[in-house]
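Each structure below is given as structure tokens.
Shared chain: chain A. Partners: chain B in the first complex, chain C in the second.
On to the complex of A and B.
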């Protein structure tokens, strides 16, 4: 297990270095970042100053090396010292990229955790019910609803939900409040985004859990268990369920990594200041250090979740060997 | 997968006959001698699937409407850019919202008019669909071609090439896709346009295609690599090798026909994903921007005015849900038609 984790972590770090290098060279090599960050009324002096301040007058590989070293050891700018995980300073807000990210993370994490809780419960619940009652009216209704909902988009359902609940005065506008200071406000503030987000994701889990469950129920070991006289609900939950977990864990890992990396469309629709919103705003203002920071952060999340998912396989299915 | 065994049987009937035997067999395939080809079988099965047929017609209608947008515009007598609201002050009320009920739907303006600017919603939707579908079709075609090339190369050549290509795929899969689309859009645009200049629409279209294409092909490539890895060990490929067929011929005549099914199925699943992704980018304001009509941009404007004019959002929304739903159902039908064993 330890060996597996070490090996995969090493691989992930290599990919992250390559990814950040690629992004860095594209971002800072494609145009003059100083001219982009300076805005429209920019004099040559200003540009020269920015170049000097941000170390943009050095060759590109040196700049990347400085950036990379900055993440682990911190870095000194003319505006001051930037301590250990230093991803540079934003062009737009002049804030430290890392602290801005950490600032935005609770919103995104709350959105992801709450949304995942809703779509997992509802999605797996309906999927299992549909598989259990396969061919019945309930099955057909659930499958059709999930088919239609999976074709909807957050940017369609979001405004409609806002219209039904917020503009009509039933609820306050969605907002993020700190969980520790006001749990009820946190819950109510994020309820609408959770439900809308979960509506889109649920459909996928309903379909997936239904089809894998049906597959599992036709397996030999499930039939044997039934033939031994075990109750069908016990066989359903104990034997077939375990077998159907692998594909579900796989997509759950993918979904969670993308949600934690910033649910851009949800955050944009509901005006929530999370990581996704930060990414869009910084792309529109061409705030390259910030975009780079968010991108590397999200890629790291994807890789971490990949490792977690692969490790989970071994717990679900003892036949899976990690090495 | 019925085709590999069939092809294998076809091929093994004429071992060692050389090109003459193969040619004769090719002729027979078109005629009545060999029976129905896999394609014909698929078509018969598909025709029996009522949902599939209806969805195919609906999807086709969307593409026809999108393709014929200029014709529709000429017949309908309006275009997506004219500010009808300022030409006729009765169309919009003093707050800039459509004066008529339901977003100003009237025989003049079938789907109502846009709040504030007063453009025709029907025309904006038709042209917006044309833009979104055009981009998505281009992305799908490029993705499929790239996926086939990389997948077959990696699977067939194997060895170091395979290792290298697989690492490239791993690397690209680590990019968070939606975020990367958003992040690289301005950079790709900056490659074509010097900073400060106005960005022409075609540049944005190209940038959208490039960005989505470069992160879209890995799934298909990986799938095909796996298929080809197992196919190349099959007897019919071995037989072709022994008869002296060139690698190019083996790829073209033995391998490609056997990966048509996954390619078609994946392609039909991919296209609606690209449509919604493209619309998502325009919704976020990094895709196609005003005044060019685009499906996603309509949602952005629609969300802004939803409180006072819900019709403006609901019309493009219904169109998109119908399109995506039908395309997904079509994808299922295509899969079932090709592979009758896959019970849903």
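On to the complex of A and C.
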């Protein structure tokens, strides 16, 4: 297991280096980053100064190397020392990229965790219920609802929810409050985004857990368990459910990594300052260091969740376990 | 559905009721294409300590019958009629709770392919111990002890280590033994073995069959052995039921059926089986055609489209009238008793060598 983790971590690091190098060369090789950093009314002197400050007059590979070293060792700019991990300074806000990311992370993480809690409980719960009561009225109602909801979009549901609950004065505008200082405020502030975001995901989990459960219930080993006299709820939860976990964990890993990397549409719709919002803003303002930072951060999350998912497989299915 | 038709032997042999009695069993599945009559009026009896072989081609209703005894069909899509009595207890229409208490306890089943029939997610030991713990209220420790004991009994080497293995760590023969250990863990009085050796090579086959026999002697269980291999029943079973298109077409002791079969279908089965004693140049005689669709079975005798003897029966009774199966030693065929004997001795027996 340890060997597996080490191998996968090494692979992930290689991917991150390649990804960041590619992005870096595209960003800093094409066009003049100094002009982007400087803004509209920029004198030639200013641009020259920025070139020097950011090290843009050095060859591109050296620039990339400096950027890479900065992540682990920190880096000195003319405006001061940027301590490790240093992803440079934002062109737009002149803030340290890493601290901006860290600043935005709690909002995104809260959104992801709360949303996942909602869509997992509701999605898996209704999926299991529909599978257990397959063919019944409950099954048909749940399947139809999830079909309708899965074709909905956050940018449609979001404004509707805002109109119904916020603009009508029933609730305050969604906002992020620090969990440790005010748990109730944190909960109430994010409730609406959680529910709206989860609505889209729930439908997917309902349909998937229903169909994999129905598939599993037809497995021969499930029938054997019944032939042994095990009760139907035991067979359902211990035998069929166990086999349904693999596809569910796979999808969950992908969803969580993208949610932690920033739920762009949800954050934008509800005006929450998370990583997703940061990504949108920095792309719009051509804030290259920030885009690069968000990109590497999101990619790292996807890789980490992939490793977690693969390790989880081994816990679920002994056939995957490496001896 | 519970009214008995008199087409098959409904009389019970003298004395007490048999241990297992199946009377006029019907199993129907509703599918998108219509209703499949998988089992259509089947009756048989089985006593403790006896082994009944059920043979027939794929789709003749062998497995469906036995799943019906355990009540494992999906009740929503299946209609079961007739009567199944186990030790005086009615099983058709019994409550799920009642059946749960019997399954794995009084009646148990060995499935064909142990790789798919055992769960990949739990250890062999746990899967063997589960029914024992459920039916006897034993603790986890006792369950594990019992699992080791059963693995020893079915001849798994190092059972105290192997008990913690997963099915994929076992070889095919060992998995089948583990499957048998699981079925026998509560000393069932009725054991249904659905092609228990089909997925195994011949040497392991013989070992598994011997094992079943030994265990039967020890516990006095009744065994139903489902197979399409007449060689398997020849050495193992006492009584034989030949099934075709959801019905029994011939019934008798193994010796009777193997030495003087009376139904053209049984003749076909025997002729299509290679024999060591026969000449290598002697061609096998497969039954022409394929089993009929159970959605729309042929009228009259379901075997008539494949039967080479319809011309010998006067009139059109083969296509019009379904031949009944008399009680006791019998074959459901319109040929007269003399005809059956003559054809068998003159045409079939020489082929069998």
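In the analysis below, the second predicted complex is superposed on the first by the 321 of 323 C-alpha atoms of A that agree within 3 Å, B and C clash if a C-alpha of one lies under 4 Å from a C-alpha of the other, contacts with A are read in each partner's own complex, and residues count from 1 in each chain.
Please note the rule applied: a residue touches a chain if its C-beta (ideal position, glycine included) is under 8 Å from a C-beta of that chain, and two chains touch if they have at least 3 such contacts.
Being a predicted model, the structure only gives us computed values, none of them experimental.
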Superposition on chain A - do chain B and chain C clash or fit: fit
Chain B versus chain C as contact partner of A:286, first or second or both or neither: first
Which of chain B and chain C A:237 touches, first, second, both or neither: neither
First, second, both or neither for A:60, with chain B first and chain C second: neither
Once both complexes are placed on the shared chain, angle at chain A toward chain B and chain C, C-alpha, multiple of 10 degrees: 70
Chain B versus chain C as contact partner of A:294, first or second or both or neither: first
Contacts of A:6 with chain B and chain C, given as first, second, both or neither: neither
If touched residues of chain A are counted for chain B and for chain C, the larger one: B
First (chain B), second (chain C), both or neither touched by A:135: second
Partner chain(s) touched by A:269 [first = chain B, second = chain C, both, neither]: first
Shortest CA-CA distance between chain B and chain C [superposed frame, angstrom]: 12
Touching both chain B and chain C, residues of chain A: none
List of chain A residues in touch with chain C within their complex: 135, 219-232, 239, 242-243, 316-319
Footprint of chain B on chain A - complex, ascending: 15-16, 18-19, 23, 26-27, 30-32, 35-36, 40, 147-148, 150-153, 155-156, 158-160, 162-163, 167, 211, 257-258, 261-262, 264-265, 268-269, 276, 279-280, 283-284, 286, 291, 294-295, 298-299, 301-303
Chain B - residues contacting chain A, complex: 170-171, 174-180, 182-187, 190-191, 195-196, 272, 276, 279-280, 283-286, 296, 299-300, 302-303, 306-307, 310, 313-314, 317, 320-321, 324-325, 328-329, 344
Residues of chain C touching chain A in the complex: 70, 72, 76, 96, 100-105, 108-109, 111, 113, 116-121, 130-131, 134-135, 166, 168, 182
